[in-house]
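Each of the next two complexes has chain A plus one more chain, namely chain B in the first and chain C in the second.
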Partner chain A sequence: MNAAALPEARAGARVGWPVVLLAVLALAFLAHISVGAKTVPLFTVVEALVDPVDGEFDHIIIWSLRLPRAVAAVMVGAGLAVAGALMQGVTRNPLAEPGLLGLLYGASFAVVVTVGFFGLAAPSWIPLIAAVGALAAAALVWLIAAHAGGGSTPITLILSGAAVTALLAALVTLVNLLDEQTFEELRVWLTGTLAGRGVETLLWAAPWMLAGLVVALGAARQVTALSMGDETAVGLGVDVARLRLLILFAVVALTAGAVAIAGPMGFVGLVVPHMARMIFGHDYRLIVPTSAFCGAIFLLVADIVARMALAPIEISTGIVTALVGGPVFVWLVRTRL
Partner chain B sequence: MTEAVWERREGAVTFRLPKRAAAVFALMIAGLTAVLVVSLMTGTYPLDVSGVLSTLFAEAPNGTAETVVWEFRFPRTIVALLAGALLALSGATLQNVTRNPLADPSLVGVSQGASLAVVSLIVAFPGVHPAWRPIAAFSGALVIAAIIQLIAMRRTGGATMRFILTGIGLAAFIAACTQGLLTYGDIDRAQSALGWLAGSVHAATWTEVGWLSACTALVVPFLFWASRPMAAIRMGNDAAISLGVKLRATRIALITLSVALAAFAVAAVGPLAFVGLIAPHIARRLARSGVGMHLALSAASGGLLVGLADLLGRAAFAPIQIPAGIVTAILGVPVFIWLILRTQSRQQL
Partner chain C sequence: MAIDDDLTYQCTPQSGSSAANVGLIAEGVSAGYNGTAIVKTFDFAAHAGELTALIGPNGSGKSTALKAMARVLPVLAGKVSVGDLDVHRAHSRTVAQSLALLPQGPIAPEGLTVRELVAQGRFPYQTLLRQWSANDAAAVDVAMNAADVSQFADRRVSDLSGGQRQRCWIAMVLAQDTPVLLLDEPTTFLDLKVQVDLMQLLQDTAREDQRTIVVVLHDLNVAAAFADRLVMMKDGRVVADGAVADVFVAARLADVFGLEARVISDPESGRPVCIPVARS
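Showing the complex of A and B:
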């Protein structure tokens, strides 16, 4: 379980990967800021970030609109990807993902209800509410799957996730119809979008996601052991029950932060960890950080596509991720089940 | 315990009909009539039973009653009942052919394929007559069903679970396409498409009644004719082959039939979720019977379900109208969960 035990090729990949991923991330980040209704040259983007000039039009656009959106994409992409990687590792289920297992919609439902009925729109509360919703939905999905014939297999988990999501989606629509005014803004948010996120929302979500990420990185070693089977993990001295609880906390915190920022952004947590696993193998000490990087890159690119594909009209980023994620899901069903 | 049956074993027409099933069917027809009458009474302009009956069969008490009943409530209710019956038949057929208790047109992407085709039609060619909708819906749904079959069937002959999961993945993909189309389209057309997508019968007129009943009359006889091969397939592929069923051809024909049924219903009222899942199970629990009678019972329960859902959606939060699709989803999920819990072994799932 230590670094020396890694095969030679993987050890080689370990040296090179931070540089490559950082470079790609930086490039995607700058490109994301550069494109839009008014294309800002890359050079101006760098200039604005390094040395902002007061009153310069491009610099104002970048600092007030483009930068918060790019940061939001990085946070949401990284958070959801790590959450997905952890869920796949701990449940040994290639199809585990916050969206498919109902967490995203649980969090969204909780937010819609509290914002709509209790007027609790303060960004400070949203992540906590989202966390409660995600936890409740996760518990419900797991409970249904565990009591199904055959126990909680990938199949029963996906089915109960689909059931819970369908119910929550119907309830959200119902609530929407009952009070159209309050939900005007939420309706766009519900399709998973990065548009119009205030800096304040990002700041309130950041501690949650940071906490989740730290736990994920700290537990990555033990997740590798657990991904090889419960017996193996116990044999390697892992406290399985405690680890599961820790990971549950990390997943819920990451999901809650992501939902507070962007709404239910599906399939990021499914697509990215598999991508990372194909390149970097099965060691979660590598998969967790690389998933974070790849998730951020993936969502930055998806958001560029969402803004550019049908310009000047902008489609929700969640639509783009679903367009990629649906086929990947089908492919996984064909090859991994 | 032997069941009371009516049967005829010789001659050109043979049948075996459990009396209980026949009684349940008669009760359901009575229930459908009751739903129809109550539905005609309910709304912002309430009518009593005598008002409804006199409007239907004699002189209307006044002009408002005449308009409300004949122009709005009657076509709407008929469309709800017909669409429910079609969806239920589609679900029952799909469940029989795939031998999968969880098969449902809205779960395996067929409804979504139909939706995508119809929304494309609404957004891209708003001038086209609504009568084209069922054709578009049928083509869209058929393409999706074919893709699912191709993907799911290739490796293991009849992997039923793969079929469902593939459907879930494709459904997400298609729903995203539809959403993208709605963002792209003109806002007014998008609004009209959006209302339709929630699964609502409130805009139904005599036009919908017309082509929906035409489609029903066209397709349903085939289904009852196919009930015998379906009964054989339900016993397993080997049994069906040894009983002389041309498995491949029958299977394709039945799935196409099921897709057509769902597509017509979706074209009329939008993707009503879970009706095709619940109705056949209700029918099965109420009475044991052969495939033909089960289909009839499923159709009746489907009609009842959507009729009641529409009624509930109109009455629960009046004057706000909840689309029937929301109500069927909220009713359907618990049944779906119950089915997941009840499924005994991995083989079945």
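Showing the complex of A and C:
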């Protein structure tokens, strides 16, 4: 192997990746819209998107039901994957992700309580409520881990995240007992689902997720430096405290947007960044954008499986992501800790 | 600013030199953890073209002093400066263009190649808009050649031996292209031969590039063999500071380290060597 030729080959791969990922994303997106209770041919999907005809039945299904669901999958998948990548880089913990560190359930609990008790179900408020819940859960998990014997290690963080998640799940069940009627509507949402998302929900979640993504892309270079240790990062000129705050904001905003749309969709933030790292290396300038792409593709495919596997019965998408995520979690524990 | 940098680079090495020759100055620095000072009124100066070793027993505060000078720790009192630059007040990225740090036990992210690791040293020169320049590429090549890691350029850092990996980290801080370099126990846990090679690399770098290099060392004989100046610490204070032959004497080793040892002189280099005395 010619050593001098290698960097150029790598550079070539870097120029090529957006094209490849974009192509795969487009394909998964169209396939996602095409499948369902009634399979619509890919050609009709493209026709409906490019040149919709009023009153055409397939076109109505696509625009009113399938397109919003596909867009939701892209947003939630990309958002959770980027949040997971950032958390893994900043904490140097391969298991860090919104679900395992309690943020998903913190956000969900906050939403359940406000919707259940205060009847505040306007899509405009949900992302903010989810953000407050995610932030509070993150703070609680961190506090418990920091006061554990031996301080905040990858293991204590995960255990503390599991404990907080279990506590919040119990509280959600309690809310359920108190008010079964309202809760019925939230039951499916709480398993992580992309079904029945209104366009309004997507529009209100979009600015949160866009802000989180922009911060993530801007800070990606510094995350690479921080992943080499706090002291190394300081030596290179990173303002570590400021960077941690920025990343916390990005993670909370992305998680809140994703929860507002799809509930606690587990394991996306764990599986996808590791996948991206295996393909694209360790530089967060690449990991952040490629995680976004891979996360969107991953959730589109998972949602196709969720609708096809036991058709005509539909499985919650969160169950599919958990079925993939569980083994990956075990593999990471065995190889990376 | 640029003129000061040139002066620092060009002046010749000589101990007890004039102010223009000074690379790094700490004045009355107190620093520690949770508000408790471990290093107390630490006065220190390191000069361009010299390898200065900070030595002292465990808990003497030598690593704490280095961390305070590298702004990893805030100072409770006093000031650290490189030329006109106040290390603790200036913008961190600006400081990183004048002062590089190799901490103890840095983490090489899994899968990172040597070239990618060394390229991280260019961080302080990059912005969101100006990501990578020909200057950066040249600095990385020069640093990899100097640290003799060019032959590993495209291998993963995690696949290398401890000594090779440490050379990669040194290449990273060399690529940062700063007049001042601080290294915290860079030779700990390495074989003697590897330690000697690393120290030779640091000594050559200080002399040939006219850089100011400060290194915290654990091994007294390695320090005595390679340093141009020794600064000895005990209980958070500097107790001796000067040329190796003046500082490295048996009476002081007994006083500072509680070490019973003979200090003899290497007949070839004239450098002192300490030999622990066994009770028989």
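Just so we're on the same page, the second predicted complex is superposed on the first by the 327 of 337 C-alpha atoms of A that agree within 3 Å, B and C clash if a C-alpha of one lies under 4 Å from a C-alpha of the other, contacts with A are read in each partner's own complex, and residues count from 1 in each chain.
Rule of thumb we're sticking to: a contact is a pair of C-beta atoms (placed from the backbone, for glycine too) under 8 Å apart; a residue touches a chain by one contact, two chains touch by 3 or more.
What you are looking at is a predicted structure, and each value in this text was computed from that prediction instead of being measured.
Q: Chain B versus chain C on the shared chain A, clash or fit?
A: Because the two structures are overlaid on the shared chain, the partners are seen to fit without clashing.
Q: Is A:Gly235 in contact with chain B, with chain C, with both, or with neither (first, second, both, neither)?
A: Only chain C; A:Gly235 stays clear of chain B.
Q: After the superposition on A, what does A:Gly55 contact: first (chain B), second (chain C), both or neither?
A: Neither partner.
Q: Kindly classify A:Leu171 by the partners it touches after superposition: chain B alone (first), chain C alone (second), both, or neither?
A: Only chain B; A:Leu171 stays clear of chain C.
Q: By the touch definition at the top of the document, which applies to A:Gly16: first (chain B), second (chain C), both, or neither?
A: neither
Q: Which partner does A:Pro312 contact after superposing on A: first (chain B), second (chain C), both, neither?
A: A:Pro312 sits against neither chain B nor chain C.
Q: Would you check which partner chain A:Ala322 touches, where first means chain B only, second means chain C only, and both and neither mean what they say?
A: first
Q: Could you look at A:Ser227 and tell me whether it touches chain B, chain C, both or neither (first, second, both, neither)?
A: A:Ser227: touches chain C, not chain B.
Q: Tell me which touches more residues of chain A here: chain C or chain B.
A: Of chain B and chain C, more residues of chain A lie in contact with B.
Q: Looking at the overlay, what does A:Thr153 touch: chain B (first), chain C (second), both, or neither?
A: Touch status of A:Thr153: first partner only.
Q: Shortest C-alpha to C-alpha distance from chain B to chain C once the two structures are superposed, in angstrom?
A: 19
Q: Touching chain B and also chain C: which chain A residues?
A: none
Q: What does chain C use to touch chain A in their complex?
A: 67, 70-72, 92-97, 99-113, 115-116, 120-121, 123-124, 126, 128, 131, 151, 153-154, 173, 176, 182
Q: Looking at the complex, which residues from chain A come into contact with chain C?
A: Against chain C, the touching part of chain A is residues 3, 6-7, 92, 218, 221, 224-225, 227-232, 234-239, 277-278, 281-283, 285.
Q: Chain A touches which residues of chain B in the complex?
A: Against chain A, the touching part of chain B is residues 102, 107, 151, 155, 161-162, 164-166, 168-177, 179-180, 183-184, 198, 273-274, 317, 320, 322-323, 325-326, 329-330, 332-333, 336-337, 340-346, 348-349.
Q: Can you name the residues of chain A that touch chain B in the complex?
A: The contact residues of chain A facing chain B are 95, 144-145, 147-150, 153, 155-156, 158-160, 162-164, 166-167, 169-171, 173-174, 177-178, 191, 266-267, 310, 313-316, 318-320, 322-323, 325-327, 329-330, 333-334, 337.
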